[in-house]
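Listed below are the structures to be examined.
The following pair of complexes shares a single chain, chain A, combined with chain B in the former and chain C in the latter.
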Partner chain A sequence: MALTRTAPGRARTARARPPGSGGSGWRRRRDVIGLVFALPALVLFAAFAIYPMLRVFQLSLYDYNLTSPPVWVGLDNFRFLFGDERFLASLGASLFYVVVTYGPAVLLALVLALGLNTRMRGSAFVRLLYFAPVATSWVAVSVIWRLVLQPEGLLNQTLNTDLPWLTSSTWAKWAIAIAAIWKEVGFFLIIFLAGLQNIPKDLQEAASLDGAGSLRRLRYVTLPLLKPITVVVLVMAVIRGFQSFSPQVVLTGGSFGTEVINLFVYKTAFASARMGRASAVAVLMFILLLMVTFVQLRALRKSA
Partner chain B sequence: MSAGVMERTASPSRPVSRKRRPVGKVVVFVLLLAGGLVFASVFLYAALSAVKPADEILASPMRWLPSQWLWGNFALPFEQAPFARYYLNSTVVGVSVTVLNVVTCTLAGYSFSKFAYRGRNVLFLVVLATLMVPLEVIYVPLYALVFDLGWVNSFAGLIVPSATSAFGIFLMRQSIEGLPDELLEAARIDGAGELRILWHVVAPMMVSPMAALALFIFMTNWDSHLWPLLVGNDADHQTLPVGLAAMQANNLGSGGIPMMMAAALLALLPTLLLFLVLQRKFVEGITMTAGIK
Partner chain C sequence: MSARPRARTVLIPALALLAVAAGCGSDDGGSTGEGDQIELTYWTHTHPPMTELNEQLIAEYEEANPNVNITYETIPNNDFGTKMLTSLSNGSGPDIINMDDSALRGEYIPKQLLAPIDPAAFGAESVEELEGRYVDGTLDGAKGDDGTLYGVPSEFNATAFAINTQHFADAGLDPASPPETWEDVSEYGQQLVAAGHEGFNFVYLHAGWYTQQLQTLLNETGGSILNEDGDGSALTEPESVEALQIWHDLIREDQVGNADTASREATSPFEDFASGRRSMTMIYPWAVEQIAIDNPETFENLAVVPLPQVDPANPSGRWYGYYFAVNKASEQQEEAWKFIEYMTSQSERWLSDVSFVQPLKDWEQSPAAAEIPFLDVWSQAYQQGKFDEVGPHWSEVQDAIKAAVERTVFDGQPPAESLEEASESVEQSVTS
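This part shows the complex of A and B:
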């Protein structure tokens, strides 16, 4: 870690128990104070993270509309979901979004990181151009992209086409993916750049002295060493992908095959007041994300 | 982790390949620059659309520059929507959440790194485990809880559930861990209480991680949309993302495009400027979440 500052010389001698401290009793009192320091965070966690997390499992087995008491329905919510075309479609929309957005975004970020990881006059400026969308807000970006994706908007005029990006089932999901790639590339670029800088330079130089060209160095030195970071990036990409909500709300309102899981849960819970059913989706999402993360972490361990 | 992405690349790294292939490097650089300009063109397009007369925005063929520069369009969001209210709400919520996070996470980080009570590691692991669960998974029961507490459409509902974060606790614990115990012991010998030590010894040396945490939390909160939509959707509690989305929904297809572009730019400006000024800290924040040290 960053902070390994040396203590003032005097402090060395202070390792001994402070005089008159009364041994272990004093220590125990101090540790209790230490525990008290963690309490604000722990109480907040217990109330607003742990409790809801346990409750989501419980609620998924009930029919609950927030105002009247929950009614036990067992696995009915899950049974309903697996037969519900709208739910399955939203699962498909989320999967499509994750793959089509984050696949290219991660790949592009990797390529850009490899290109930007050199010392060049002006490369700091170029990095900024790619980072900027990361520092903005999703809703604001989506409002802007609504205009970009208009039939007479920037995208069509640049490509010299007149595609109905936001009003057709064929194009809407691609349109959102394009906007999302633009927004997210910089995020993964930052992580890849940090990862690249942690690769010891002497390894590169040794390979280069052995006569390895830049492509061979990339293939046999850089990419293998970047693997742990790549796994982190992929896990984050999947989680971020399934969290998507704002671009669908602002760009299409979930029409034209862009109703992703989050939007489905939102509508089920708050428009239809089906809290139990929405909780069942959350449970399924939780299991899905856990599985994906687990598989990716295993892949990392195997390769390491 | 101390040196961020920005700083380290600025040091001479690979002189060997640089000398050998200057032409290739220049080509790569030009390509990267061109790509970056394509990225930036979206911002430019939005900015120019914000000051155009409404009927020029979707003209075909497209013209980049407006025939007249209507700077007054930037006043439209304040005149035709309660934009100042959105801004105020976002600022109040963002600042409160940020301050609370810095306080609770520093306290917990200090606790988890420098004290030896029973169950400490288990508690820390539980906190870390929640990092894996996105808010989206729990927001239904979380809403039910906040509903029962009577916090729907209140600042409490917007602020309190976000007042601490697993990421922040992790970041502060890792940072404080590196602080030598001798320093704390010395202060104890001088008779300082634990709170005094935290305030006068620990905190001054943790300014950097605290700043990275503050920035990251503020930016994340400024972007937050789903939760504020649930617990702050009345006129008095809408934040920028909620208000902006509502403005967009009410303006579909009408002549409100300059207003929407102006509003979007005004909404993303604070975090963008913050990022430009403090980018190294922000990058530190992101790479810390990714678990890179």
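This part shows the complex of A and C:
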């Protein structure tokens, strides 16, 4: 049984080999050449991604203030964090931001993608418009939104209100979410559009011939086939949400309940010079994001 | 001609140059002979009048010392502390820094990032002799717990109060009778608001500004951020709560100013007053020059008066200073101190051009001082000041203070309740 499964595979490999390329010697040479070309990137990746990551894991077990040698404290940094109200509040602020910003942003992106997935005149231009905020830096976007959200700004004028959008614990987190939704929708819209355009048209046509209306086609053809893309989008949304930093810094400086986890890490590390504690937060976030991603992928596999 | 001789003609001079450069680098302790090029780096925060004079003085110093090249950098105020601390910590910081006393005493000196002062560079036999040139106590802002001195003042500030005399006239108030107490500020403020101005407000920038303004009020009420031993919070003491209550009442109860609409431009902290929008503000000497530049009309109507008091019979104030200091990791410490000596020898120009007081003894009798407006008020303010408290992990303490003020002033939480929360954070910061 095993032999019959292996044989066709071998045959395919043999067919895929370039003519005149020789046997395993050529393959080995090709692998070595490939490795040589990849080596600079691998070295850089190891130096600037893997090594710092390992150092963060190591530092999380030390008390280190940048000037004195690190002192081993074991799990003390983690123990401290679980009882630290500021850390827990920043975790809450990040969770709020992820849910309130990326939930609506993903949903809105899906709806817009379904609407824009046509060959209407001008749809390419409309897509470009939605994508423009994505291409703009977060700092520039935040500066623009600060003007919109200030007391005499565009939003209050439009709504005929005088809400303190950026200077109130009630409103500041919502204000940042509004700005973030505006910026992030385009990113997910493009991914959804790419997914929609990969759905075979004959399936839609077959469903149409079977008498399915547009809503039924959406429910039974489009959305199920879009599921892998949706999961990717959701995983990315959670990661992007937890990595948020710039809008909070520029719009509120982390005040009024908007000190998200990355801002807390930044202040702990570079303003308070508590590198060990900041590293412990980074490790916790790494584990949390890993778990969330794992759960999301499991959910996909189960529903597939 | 073959390639080999051509390569030689290039390589030999290059190697010779390298050898000369290596010789320069091997000079012991950074002390250099005549003709050797000395590179110094100097960082400050941003304050346009100060930046301009720094650039002038650097140009003059470089002209007088052709072998010295000074790279001058200004860092945005909001990022200044973070960038300076991290760069000094990893050895990549500048040779010369200009930093406030809270950061020096709270972070840099305890972390041993600075070089002790070199009195010889100032032509003094000893630190005591150098110290004797300054008003008593004014160098304490750059001293470690053991009394070691690490810097000399580039500016030394006391706190007074500014009023816009035109606004006072608009509201039917007499500018010659400025507010003496915070109750007066409230009363006058409400009249100024009725006349269409913002009566009074605090400055809402970063945590340092929040803390220093609360500290000013704490000095007056007798409150404190830390207990006497410096290992716990004193924010829940009645005197401390009273300080925040003053802030709360002025803004939320009496509504003499709107915290939501206050300017948050860190490079121009007194923008609201300078623009002619606000009528009264706490002020420091350096701000006068900036107001003159930003808005000559407001400057025309500016009067500097004594800081309002909780108890006018026992006036209190607040000092803070910026100090020139040298990075301990600098390889050019001797040259750095020489440059600092030159900068401090220009105290008259600092006073006349930028309104920076360098508290040398009898500075008030100098020709430049005679020219500065409201000298008598500033003199009085210098008599009654004291430095802010500092303690371990002060940036976290400042964050806790900022959050407490924001909860009270912006969200309306009662001061006692808000300080109770802040107190827990402060305790945790100074003890962990």
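Descriptive notes on the structure:
Just so we're on the same page, the second predicted complex is superposed on the first by the 270 of 304 C-alpha atoms of A that agree within 3 Å, B and C clash if a C-alpha of one lies under 4 Å from a C-alpha of the other, contacts with A are read in each partner's own complex, and residues count from 1 in each chain.
As a convention for this text, a contact is a pair of C-beta atoms (placed from the backbone, for glycine too) under 8 Å apart; a residue touches a chain by one contact, two chains touch by 3 or more.
Since we're looking at a predicted model, the values are computed, not measured.
Of the two partner chains placed by the overlay, chain B and chain C both lie in contact with A:F270. Contact with neither chain B nor chain C is seen for A:L107 once the two complexes are overlaid on the shared chain.
In the superposed model, A:L75 lies in contact with neither chain B nor chain C. When the two complexes are overlaid on their common chain A, residue A:I191 makes contact with chain B while staying clear of chain C. Look at A:P164: by the touch rule set out above, it reaches chain C but stays clear of chain B.
Contacts of A:E85 after superposition: chain C is touched, whereas chain B is not reached. In the superposed model, A:L66 makes contact with both chain B and chain C.
In the superposed pair of complexes, A:V250 makes contact with chain B only, with no contact to chain C. Put simply, more of the residues of chain A are touched by B, taking chain B and chain C as the two choices. Residues 66, 150, 152, 253, 270 of chain A lie in contact with chain B in one complex and with chain C in the other.
By the touch criterion stated above, chain C contacts chain A in their complex at residues 78, 81-82, 85-86, 89-90, 107, 111-113, 206, 258-261, 393, 395-396, 399, 402-403, 406-407, 410-411, 424-425, 428, 432. Residue ranges on chain B touching chain A, taken from their complex, read 1-2, 4-6, 8-14, 16-18, 21, 25, 28-29, 31-33, 35-37, 39-43, 45-46, 49, 57-62, 103-105, 107-108, 110-112, 114-117, 120, 123, 126-127, 130, 132-134, 136-145, 147, 160-161, 163-164, 166, 169, 174-180, 182-183, 185-186, 188-189, 194, 198, 205-206, 208-209, 219, 222-223, 225-226, 230, 240-241, 244-245, 248-249, 257, 260-261, 263-265, 267-268, 271-272, 274-276, 279, 282-283, 286-287, 289-293. Against chain B, the residues of chain A that register as touching in their complex are 1-8, 10-12, 14-15, 18-19, 30-38, 40-42, 44-45, 47-53, 55-56, 59, 64, 66, 112, 115-120, 122-124, 126-141, 143-148, 150, 152-154, 157, 182, 185, 187, 190-191, 193-195, 197-198, 201, 204-205, 208, 214, 229, 232-233, 236, 239, 242-243, 245-246, 249-250, 253, 262, 265-266, 269-270, 275, 278-279, 282, 285-286, 289-290, 293. Against chain C, in their complex, chain A makes its touches with residues 65-68, 80, 84-86, 150-152, 164, 167-170, 253, 255-256, 267, 270-274.
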